[in-house]
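There are two complexes below, and they share subunit A, which is joined by subunit B in the first and by subunit C in the second.
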Partner chain A sequence: MSFLIDLTVSGLAIGALYGLIAMGFAVIYKATGLVNFAQGEMTMIVAYLAWTIATTLTGNVFVVVAGAVIGAAVLGLAIERIVMRPMLGEPLFAGVMVTVALAVILRSSITFIWDAYPHALDLGVGRDVLRAGGLSLRGAQVAAIVTLLGLLAGFYVFFRFSKFGIAMRAVAADDRAALLMGVSAARIHALAWAASSVIAGIGGVLFAMVYDLSPAMFALGLKGFPATILGGLDSVLGSGVAGLIIGVTENLAGGYLTPGMKDIAGFLMIIVVLMVRPFGLFGEREIVRV
Partner chain B sequence: MLVPPHPQDGPASSVAAPPQAALLEFRNVQIVYDNAIEAVRDVSIEVPKGQIVALLGSNGAGKSTLLKAMSGILHTEDGSLDNGSIHFGGEDVSHLAPDTIVRRGLVQVPEGRRIFPALTVEENLVIGGYTTAAAVVRERREQAFTLFPRLAERRHQIAGYMSGGEQQMLAIGRALMAKPALLALDEPSLGLAPLIIDRIYEVIAALRRDFAMTVLLVEQNAQRALQIADAGYILENGRVVLDGPADKLARNQDVQEFYLGLSSAGHKSMREVKHYKRRKRWLS
Partner chain C sequence: MLHALKAAALAAIAGLALTQAAAAAEQGFTDSEITVGEINPYTGPPALLGVAHAQGVKLAFAEANAEGGINGRKIKLITEDDGYVPSRTLQAVRKFADVDKVFALMGVSGAAQSTAALPLIEKTGLPTIISVAPMPVQWTPPRKNIFVLGQAYEEGVRQLINYLADKNPGKKWALVTQDDDYGLAVRDGFQAAAKEKKLNVVFTSTYKKGQTDFSSEMLRLKESGAEMFMAGGIISENVAMMKELEKLNVKPVTGIFWPGRIEALLKLIGPASDGLYAVDYVEPLASPAGKAFVDKAKTLLGDEAKGINRYTEVGYAAGRLLVDAIKRCGKDLTRACTIAELEKTKDLATGVMAPISFGPGNRFSSQVVKIMRANHGDLSFVPVD
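Right after this comes the complex of A and B.
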């Protein structure tokens, strides 16, 4: 029994990281209709940025996190302005291809700017093991779960009650009609890229705190993407929750079946779920009534 | 404000100082899609303040294209305003951003309503008031609910599940949230039942009467539009072929035949046929 609980809890911890990255995918998809294949790479860059701040300026956790958040927002805004905005109005597929190219460029830039060796992101906190009632988790793992839950609540409020949140949904549904109402799609897209970069970036920093920083970290994107598909590409909240589901499934499959199952369990589940609900667990079915 | 005469104005420049200043004015507008297809050629239209002006014509005549140019969204369909200009309240708005144009008070209800189907009625209205402050939005939303009680009943409903008539009311209510000085409606009667169309037209009349709103009404339904309008323009193949006061247009024989579906006494004399042919030659 305690084995099951252990697997579940550590599954939730890694799933929270997947969920954060999945939310990053979903925010961009929801606002722009694009799948951002550079999400994992952006996550990695933000984590390296945090490491640079920690090793050159100060190891204070608040300063590092604040710096990473600002850096992530700037990264997202810069990508939107320089690379994505010129693609506005072009076919969606072309835009997606641009993100694929961007992914390769960002991935290589790690070894240009930093190096190819793994590093520990040691902020003095987050690595210590917290115990409660037979459960043990690292501080950063707890932080990941808390952050995910906080963001889920925050995004629920944002999309329901904030003018910008509603506008983001409107742009996703019909960007030209939104334009006629005076909603600037470009501004909403910029906001989405910045938000997505920050959310996924926080996930990247927490991941680096628990595990290590390495140029292979972009693979986190490959873990977050299935969560987005499972939750529904257009559902930010669903993507976050689906991250938790994928994390737990992976852990249970790896623990009870064979460790080799760990990597494919999530994808197997996606295939099954998509057969039943092609728009994902929480995705919006398109309203066909005219 | 001094308006320099346009070089290509031609005969229009002889009436450079119109008796009453038009609120919205298309001046010798030429619109081209994909740098190749000319959708609108040399169109001049004036919408005087406080009036309802009908813009009539069949499918593909260029009516919606003019509205897209007015709202500054031509570029989203690879269209461009190659010649002429659009003036609103004396200001050249031809090259303003869409959100700036909405802030100036020039708003349209697009063809096919284009409400946001996955959003609730209230959320649709919030987007309509995107350019205004939150406190004002609340106030105007109540005004929209007074104008359309049906929307108030359905305020929390997902807009996509409402009937066509309700969606059209929502589309108008949404546009009103931006407090337009001029409201353009693109085929508000399209695909609606006659009773609903009556209701929509009542609202349009009320907008002018009670809110002193200027209206540019784009319609295929010429009969309906000319009943309510003060003046009308008939567009064919991207050109204005006829214009004048609405009652005069409604009495015009060609308009009666081609747009109102009326024919004089069932049979046509040769003289009328020639008239028709002459007209067609002049048009093409």
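Right after this comes the complex of A and C.
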């Protein structure tokens, strides 16, 4: 029994990180209709920014986190303004291809700007092992779960009650109608890119605190994306929850089945779920008037 | 008449082709300079080995140039990034042979990459030293122009496991390896030792390259009661596995393999790295020979010496090997002479590994391996008795 609980808890810990990245995917999709294939790379860049602040300016956890959040927002805004806004009005596929190109550029920038060595992101907290009732997690893993739950609650309130949240939903539903109602789609897009970068960036920083930084970190995007598909591309909250589901499923498969199943268990689940609910577990069914 | 004309034209074309082939055969140097090409990954995670290896080759060349060059010619290294992708390795070999027209080839990237490029390298006739990822297929059968420096992965792992088994008889063993050719080589070496020493292997697993979370694998290892563990990852994977074991409060005697035997690994793992066993054929940087190497690198490379690791030593040995062979050819440099002199290499001392030797029909300089133990206190590896 304790083996099952251990697998579940550590699955929740890694799943929370997947969930944060998945939410980043969903925020952009919800506002722009685009799948951002550079999400994993943006996550990695923010983690490297945090490491740079920690090793060159100060290791104070609050300063590093604040710096990373600001850096992430600036990164998201810069990408939206410089790379994505000129693509407005172009076919959706062209926009998606631009994010693929962006991913390659950001990935290569790591060895140009930093180096290929793995680095520890040591902020003095988060790396210690916390033990309770036979369970053990690192501080940053607990922080990842708490952050995900906090963001899920925050986004629920944001989409339901805030002006920007409602505007974002309006743009996602029908950008032309939203424009006619005085909503600036460009501003909503910019906000979505910044928010997505910050959410995924927080995930990246927490990931680096647990597993260290390396140029291979971009692969986190490949873990977060299935969670977005499972939760529903247009469901920010659903994507976060689906991250937890994927994390636990992977761990249970790794614990009880053959080694190769760990990698494919999440994808198998996606195939099954999409066959029943093509719009994801929490996504909205698209109704087309004929 | 028409036949005669055709024959003349064909002869002319054949003659031109032969002239060009002869000219190509002796390209890659002038009266003042020799150009050598190196193919390795210089971007992405494997850049850790590629960049360090190139530093080592540059160091060997800088040393030769500081002494006035090789028979009056300065030696220069140009590099091509294959990104650890076999198809790009092939492109790089073609570019070096046809466009840059280098004199010799170094590297050549990882095991899968160099193996894929073997037929093409053989066809180019370029004197080639493979030193990054030695695999038996590279020297069996021997190819005239391809020389391999180091030790086979399987043999290295076999010796490490044999050593640990002798020191820890009757223990339960676990093995986790990557799901690629590297992992397969580690697994083969482990299984050879397991058969030899009749090991009680209670847990084996594989992981997909790039995996970061090893919680389920390490929980299974804990459940299996394993007391000995071969961590078959490279760097990040071994760090993740060791930290997961630390989290679970499990402390098996653990061995790692040389691609991940870099001092930075110990810092990343933290105190749990103390007592890790490793195997390698190059000197640890903390040994007297290693320290002398670091000093030399700092003197000749300056700021570039930052971040050197075992691959820098490997690159240096390979560079010294080539320089030594070219030197013995004298002023009348040819590729054929260089290949002949590489073959004649006997007991070449580089200071960073055992003396290097080749011979007729022998294209593999089999290096003696050492078992080492990690000391987290000063982030070093120390050879054990």
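Definition applied: the second predicted complex is superposed on the first by the 286 of 290 C-alpha atoms of A that agree within 3 Å, B and C clash if a C-alpha of one lies under 4 Å from a C-alpha of the other, contacts with A are read in each partner's own complex, and residues count from 1 in each chain.
Here is the rule we go by: contacts are C-beta pairs under 8 Å (C-beta built on N, C-alpha and C of every residue); 3 or more make two chains touch, one makes a residue touch a chain.
Please read these numbers as outputs of a predicted model, since none were measured by experiment.
A.B. asks: Both complexes share subunit A, so when I overlay them there, do subunit B and subunit C fit or clash?
C.D. replies: With subunit A as the common anchor, subunit B and subunit C both fit in the superposed model.
A.B. asks: If you stack the two complexes on chain A, which partner ends up touching A:214: first (subunit B), second (subunit C), both, or neither?
C.D. replies: It touches subunit C, and subunit B stays clear.
A.B. asks: Could you say whether A:107 touches subunit B, subunit C, both of them, or neither, answering first, second, both or neither?
C.D. replies: After superposition on chain A, A:107 lies in contact with subunit C alone.
A.B. asks: Is A:117 touching anything from subunit B or subunit C once the two structures are fitted on A? First, second, both or neither.
C.D. replies: second
A.B. asks: Please indicate which partner A:129 is in contact with in the superposed arrangement: first for subunit B, second for subunit C, both, or neither.
C.D. replies: Second partner only, subunit C.
A.B. asks: Would you check which partner chain A:92 touches, where first means subunit B only, second means subunit C only, and both and neither mean what they say?
C.D. replies: Touch status of A:92: no partner.
A.B. asks: Considering only the touch criterion stated at the top, classify A:271 as touching first (subunit B), second (subunit C), both, or neither.
C.D. replies: After superposing on A, A:271 lies clear of both subunit B and subunit C.
A.B. asks: Scan A:170 for contacts with subunit B and subunit C and give back first, second, both or neither.
C.D. replies: Only subunit B; A:170 stays clear of subunit C.
A.B. asks: Contact-wise, after the overlay, does A:146 reach subunit B, subunit C, both or neither (first, second, both, neither)?
C.D. replies: After superposition on chain A, A:146 lies in contact with neither partner.
A.B. asks: First (subunit B), second (subunit C), both or neither: which does A:182 touch?
C.D. replies: So A:182 only meets subunit B here.
A.B. asks: Once both complexes sit on top of each other, what is the least C-alpha distance from subunit B to subunit C, rounded to whole angstrom?
C.D. replies: Nearest C-alpha pair, subunit B versus subunit C: 38 Å apart.
A.B. asks: Under the contact definition given at the top, report the residues of subunit A touching subunit B in one complex and subunit C in the other.
C.D. replies: Comparing the two interfaces on subunit A, one with subunit B and one with subunit C, no residues are shared.
A.B. asks: Would you pull the subunit A residues touching subunit B in the complex into a rising list?
C.D. replies: Subunit A reaches subunit B through residues 89, 163, 166-167, 169-170, 173-174, 176-184, 284, 287, 289-290.
A.B. asks: What does subunit B use to touch subunit A in their complex?
C.D. replies: Touching subunit A: residues 71, 73, 75-76, 78, 97-99, 101-103, 107-108, 110, 114-119, 123-124, 126-128, 130-131, 134, 158, 160-161, 164, 174-175, 178 of subunit B.
A.B. asks: For subunit C, which residues count as touching subunit A in their complex?
C.D. replies: It is residues 42-48, 51, 179, 205-208, 210-213, 215-217, 219-220, 223, 235-236, 239-240, 243, 246-249, 264, 267-268, 307 of subunit C that touch subunit A.
A.B. asks: Over in the complex, which subunit A residues touch subunit C? Could you list them?
C.D. replies: Per the stated touch rule, the residues are 3, 6-7, 10-11, 13-14, 107-108, 111-112, 115-120, 129, 136-138, 207, 211-212, 214-217, 219-220, 250-255, 259-260, 262-263.
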